[in-house]
Amino acid sequence: MEQEKGTTIVVFSGELDKVMAAFIIANGAAAYGHKVTMFFTFWGLNTLKDEAASPGKKGPLEKMFGWMMPKGANKLGLSKMHYLGIGPKLIKHVIKKHKAMTVPQLIELAQEQDIKLVACTMTMDLLGIKQEEMMDGIEYGGVAAYIGDAENANTNLFI
Amino acid sequence: MEQEKGTTIVVFSGELDKVMAAFIIANGAAAYGHKVTMFFTFWGLNTLKDEAASPGKKGPLEKMFGWMMPKGANKLGLSKMHYLGIGPKLIKHVIKKHKAMTVPQLIELAQEQDIKLVACTMTMDLLGIKQEEMMDGIEYGGVAAYIGDAENANTNLFI
Amino acid sequence: MEQEKGTTIVVFSGELDKVMAAFIIANGAAAYGHKVTMFFTFWGLNTLKDEAASPGKKGPLEKMFGWMMPKGANKLGLSKMHYLGIGPKLIKHVIKKHKAMTVPQLIELAQEQDIKLVACTMTMDLLGIKQEEMMDGIEYGGVAAYIGDAENANTNLFI
């Protein structure tokens, strides 16, 4: 039995540049017929937050994590050159100037291409993030779901 | 001949959150029957240091590296939100509250599951780290050992 | 048909230590008969810049990126312990003391071993980097080129 072409990406980092790279590779792989899974864990989880959602009732610790972490793909910082937030603005400006895709657009394209976007339930439990805070059209799973998909894929990246 | 299920992880980073992610994936893969190798190099090497060991005699440069680098899995910082050490304490608090596993417990589980923990000898030579400083039950090897294991594994990550 | 032994590495990070790790793995894999592709994107692209090249005419945004980013493999910083530039000097000192290879030497070895070094054209377009600024003997390609090589390789890393 031939192995299906597949790509999985663990999106651990929540920085704009790394998340962009993850989606560019994922969308590229999907365009070439790969079955693609992106597994969002730790800081990467912030990418899938729904900007408009209310966080609901939280304990003091969960509130603290909520304040410290960016809420959604439009709020991500850069891994380098953050410079008081100027870096992300510069990158977004360059993206606009070159008519390249923003992260929200890359997410939309990923969903159109049936890329499986999985939010790590263990991280959600640890940091007190609820499903109501997350965007629509994503799946929820733990490390077992990731291992299963990675076994069937040839390209497995951790970003 | 069918390829055995296998996972290798290069643990380059020495941050608490990334090391946790590495061990969670490794332990998950081992639980699903994968043969797993974790190859600790550069800053990742600090994870395998024995907290109680004496560093022994060192030259001035080796001493300087020794001072600057965390000594063992309990001393690792975070890749984000370090905030004068509050971040790691917060994460450890959350882990305790949720009865999740700490890094030392994840290492123990890895050893129980026969995950191969390899310390990169090249990094040890460069930074003047000796085998007496490292925890028991680990192996020592170079890039050749890693390449060999990666060839036989389907999932190969760099963290 | 048996799959050829292959390794691909996306070099996203531009830090000295991560770039060193990437080249050590790549050169090791090539020495064991792997077909190796290194795909340099985002900050990793700085590794392949020709130190001696003139940047040519640039717009104000492109100039700003030019100022902010290191120019060539000798100018890269560390991911940890940067300490006003002392960290990279210390590492370079240790490399020299142990007669280990510097990044420019690792690049040379990679080229001798026919490792394919690919500069990401999308990043070059976005940041306004021109081919005249890059070192000789490299290839240029986009995500499609990377996906193609990754499909034929067993070990695919993102660094």
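Lettered A, B and C in written order, each chain numbered from 1.
Definition applied: contacts are C-beta pairs under 8 Å (C-beta built on N, C-alpha and C of every residue); 3 or more make two chains touch, one makes a residue touch a chain.
Note that the coordinates shown come from a computational prediction; the quantities given were computed from them, not determined experimentally.
Novice: Is it true that over half of the residue numbers where chain A touches chain B are used by both copies, so same, or is it different?
Specialist: different
Novice: Can you report the angle of the rotation that maps chain A onto chain C, using C-alpha atoms only, to the nearest 5 degrees?
Specialist: That pair's rotation angle lands at 120 degrees.
Novice: So, what's the distance in Å between the C-alpha centres of chain B and chain A?
Specialist: Roughly 25 Å, centre to centre.
Novice: Going by the contact rule already set, what residues in chain A reach two or more other chains?
Specialist: Where chain A meets two or more other chains at a single residue, that happens at 154, 156-158.
Novice: Report the residues of chain C in contact with chain B in the complex, numbered from low to high.
Specialist: My answer: residues 5, 7, 17-18, 21, 24-25, 28-29, 32, 34, 79-81, 90, 93-95, 97-98, 100, 154-159.
Novice: Can you check the complex and tell me which residues of chain A touch chain B?
Specialist: Residues in contact with chain B: 10, 12-14, 41-43, 61, 64-65, 68, 122, 125-127, 143-144, 146-148, 150-151, 154, 156-158.
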